[in-house]
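Provided herewith is a single structure, encoded as structure tokens, for subsequent inquiry.
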């Protein structure tokens, strides 16, 4: 492991689902203390790419290096153990389970001696309530089922969970899509904090302003291919916006939109 | 959008092309016809059927694959299959009906009672039997819908209730016996009878036998005198159910109701009506099997249809239905029933000791589904 | 030269203790007579499935066919088809009344109803007044007939106690029945190992050993032990080994020399009481009685 | 039915889920040819409110008038029949079914005579492909299962479906949350078009710029209560933004965010 | 945030308060303790049990509710319940095991064989039986996981295979009989035997009887000589399973694996390991029941455990488990087994004609679940 090697380095990644070609050769690097924004049109393959990094999908071909070493994850647990925490677009929550149980799922803190180890639910509830409060959600009851939370509340659980458990790399797939104004600004602040702790962040968004606010580098995907990677200094915000649309005409509606959706 | 170029460097947005018939999408690989076929749930069970057939071709007595042997395999498969197809539709719609086996016994009893006790003509008795079955099926459905209890437990209660009522009713109708005989004689002859019992295409088969195309018994009667009507019903029902599932509005609603009842309801699908209809259909399928077997056997008893609900679900699952609903096919259940029928009758054509029967039944079922699964993955490249 | 093949189709499953003895008889006769034998039965008491098994047997053109006939209407057409195909048919166990009519050569066995009557009469003679018939498969016509015969022969009040296949369940239900109706003094179980043994245990639990008479159809080693220990009155033996053995012998001889006996062979009933029980235990443990 | 009555008029609507009070007295009107933006923090009760309008939930108490007449929907089908089409936040799609089947679910066009009526799948496929194309999604194959679409593609199916089947009122619950730049601008244009046809629109969003771009009036919810209703002329964009956050402090991160998240 | 005022007119944003323990949230109504209790899936089945008890109190012979009568109900309920709790855990984990009934017979056979044929001491024989059962359960699980076939069909195959092997094995071991006896004598006496057979607390009961707290038979022995060990096992297993489900990491993983296997896997739950473990647990529960019943009866036969898989699932569903997984409780299965046992044994204490047995069984089951559902909705105000 070399300290100069990028945290994540993928080279020419290809992923097929049966006859569907979701990724046809994508390359990407993420360094320590860097926010890499992954941008692109709907269906460009962003989620597929990060699911491959997170160990959910096995790549069809291509190389994947973490801190300079080749890896091949056989399950998301491997990726978690390697320090890659992910907020999935579909959130990976169990609707019938409580907020607390979802928050700590797979990484429950236990008390007592084996075989009488049990989960310390008082502490878990307190942590959950506090972390949710930090992100701007006032949970009525940490034992409420996640399925009865609002869309934004649920998304906040997923984000708070990923941030709480720390990691070398934090992957956020459209984390702010369902969030309110206050929660969104909180998540952007989190990204900032996480970067300054030296972690790498992959941030997927369709909001060019969010991307430009926190991103250091921008990789644009289109139809399963990389359109290019730019540092913030190389590209202006409206140029980036045009790239993100993947060659589609924008319907400019009103002056209020100011060209940026 | 299909004719838009895909620059790898920043470029000005390109206006979208006309929504023409797409030519070739670079995001799709070529797939063979075989792959596309194997991906259909309808045809998955075919591989299992082929495997089972090959197994018996190599181990069983040659008489199994004569015309008479095949009819012999198809006859029980047909009765099971009618139930399995209905069960498959209901499972696709997201519910179970564990009462179909008992319903076969109960419908057999009331059909027999209508004929022998009230003395109604055959057609009326059949219609009344279907009406009662549909009513009971609808009752099942309404209880499930109104109470939101799992259909498993509601229809399980009806499994016991209908089985018990069959016993009580039989004893009442026969004055103490659990077997009712002499139904065949009361049914009389005629076109209605011919639709529900005996063989179809008898003329053709007689002609074939006369010309020695079909084997004959020593006394000159052909070994096969026609296609049992239950097989005809089976095939027609499978075809109709497949058409409904794949081509009609009702089919779309069934998939939707089973896939996610909430989402379907929110999209305007009358989920409750669909489910009630399906419960009525399964009950009627059970009544059909009851009428077919009662007319065929001329008698009914309180054990008729015992565990058929279980076998029907097995056949549907072999045929690719998901227990969780929203996925499956009628033609899959069709093949599933044939596989199940072939395995259970086929073993009697082999030289295995019948003590081993269940071991073989289990192993063959497992092999059939494993093989079918293996082939599908191989062909479609799924993992 | 290929051995003659004889197929047996019965309505009892291979794992049913009663039928497993029949099957042992079939197998032994097959070995003794040097013929191929196949024993087939539906997975549950299912007349429709059984008629299909007979059809399947007919297709294989065996040298002889042995069937039990619990439902003449349902099985009749298939049996007649076998006869029409020129296959010699012998019926066994049930169907003595219809055997000839359907074209079978003869019948080996004895009607369940008659066996029940004999047992009932014996229990009445022993002083029974209020009876209980423990039926582990209500709706199985042959078991129903045993109960019915018992009730007819017994004369007194008889209640049917429906139970499952589970010994713990049978034991609990018999205990419950004894507790709720103190006047019960006679219990008839329809199968020795399945229902008879738990019934003996239940009577013991209830502290009524001796005052409540227990009898059972068929044999099992443990039940016979109970009989010889005086905990149970007797067991009714149909000698079902004969129902499997004899028809095979007859058909084998028929195939070889064209011989056939001139009339039906009654195989039972045979009441095994305390004095005889001890001799039978070992044979029963081997599946011969 | 009076022509001057608002399309939708709800008064003092209350909705409880067991012990949870999701709405505690909300009032709202939507007029013909008007886009009413429903704004508010996560968990404010927006989705609950529109689900009540769409016939999914039965209100605990309160009045609900459509075109001046009291109504009480017993199922979403009633609402659809009354001309209220809804894009739910959870999209109401069946993952295992194809795009086309989802598109036409509940309103399948049939051909032939009863009982041999069947769905005209060729036409359905063509319509689906075209409508998806209009919104900016190039569907590989209309027979693909919806479950394998990307998040944004799936959302586009729901929107295209609601718009295609027209209605008196169109309810859109965060329709643009997962959409790309091009698709978002297309949806905003749709809203514009639908309004000019004289339909009423209820538009829920967390993006104040989107709201301000197409909205005529703004109703802000907070913790199950109405905070107030404003016409566009009454309120400035950053005032609105503050209201939306429901009294939460905003983390202003970078000048690029320009105060607006 | 809890102390933020909620203006109804535009106001300047208020800074959030400290994350203090929330006092009173105006978005929550007060709920009674009863409501909170009834909302737990653990206790739902209690209402059904109360209804069934009331029914029998008013219709059944008084002897049903004596101490002896209650033990008599609990003994079969305990055997079913041990299976039902394991089945419930597996169902919560999202899978079925249809082979448990056959596993009871098979484990009984191998346990008997270890004792009588190889002559191992009791403890070793029991350990070996559990090991074989765990292996077979693990095999089931691995097949399900690796092939991604529904567990319904895989374990169904094992239902047949194990049932068949039990028959073959018994005949082989006994030289032709379907019953293996003399196991009790070979087991010997000792502490191990006492853990797995006979009664617990015999001393206490003898003392109670001596002081006339417990009724005695005319001959002086107490009517109840102790608590059958199967009941003790049942209660302990229910307690342990409940604790695991509600309080431990494994419990959280079981709920997660059944709720949404994909989401759970994505969150780092080792779903495959959890499921395999659950399959092993159900198989071991079946082995436990086999050991208990074989030692109790002293013999085993090929029909042991027939249809127990079905009854276990029924009990679990009565107890509130969802067939789709991810929801349910062990204590619910506990009550479910008692309800099922009480209904099926209880009817023999009543004066109903036994022909109506199944009708009553079905009706009582339906009433119990309906009532339990009705009460829950009434109390919690759900609709």
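Going by the order they are written in, the chains are A, B, C, D and E; count residues from 1 in each one.
One rule holds for everything that comes next: contacts are C-beta pairs under 8 Å (C-beta built on N, C-alpha and C of every residue); 3 or more make two chains touch, one makes a residue touch a chain.
Please read these numbers as outputs of a predicted model, since none were measured by experiment.
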item	value
Between chain B and chain D, the fewest steps along chains that touch one another	1
Pair of chains whose C-beta contact count is the highest in the structure	A-D
Separation of mean Cα positions, chain C and chain B [Å, integer]	35
Interchain centroid distance [CA atoms averaged], chain D/chain E, Å	47
Between chain C and chain A, distance of the C-alpha-averaged centres to the nearest whole Å	71
Chain D, residues touching no fewer than two other chains	20, 90, 136, 138, 140, 245, 248-250
Junction residues of chain E, two or more chains touched	1, 16, 27-28, 163, 167, 171, 355, 357-358
Shared interface positions of chain C, touching two or more other chains	14, 138
Every chain pair meeting the contact rule	A-B, A-D, A-E, B-C, B-D, B-E, C-E, D-E
Sites on chain A touched by chain D in the complex	17, 20, 40-44, 46-47, 89-90, 136-138, 140, 144, 148-153, 156, 174, 177-186, 188-189, 192, 206-210, 212-214, 237, 241, 244-246, 248-254, 256-258, 260-261
In the complex, chain B residues that touch chain A	1, 4-16, 26-31, 35, 39, 380-383
Residue ranges of chain E in contact with chain B within the complex	143, 147-150, 152-154, 156-165, 167-168, 171, 314, 317-318, 322-324, 355-363, 365-366, 369-370, 373
Touching residues (chain side chain A, partner chain E) in the complex	54, 56, 75-77, 80, 86, 88, 90-97, 101-102, 104-108, 110, 117-119, 121, 129-130, 133-134, 136, 138, 140-141
Chain B contact footprint on chain C (complex, rising order)	14, 23, 36, 38-41, 43-49, 51-53, 55-57, 59-61, 71-74, 76, 84-86, 138-141, 144, 148
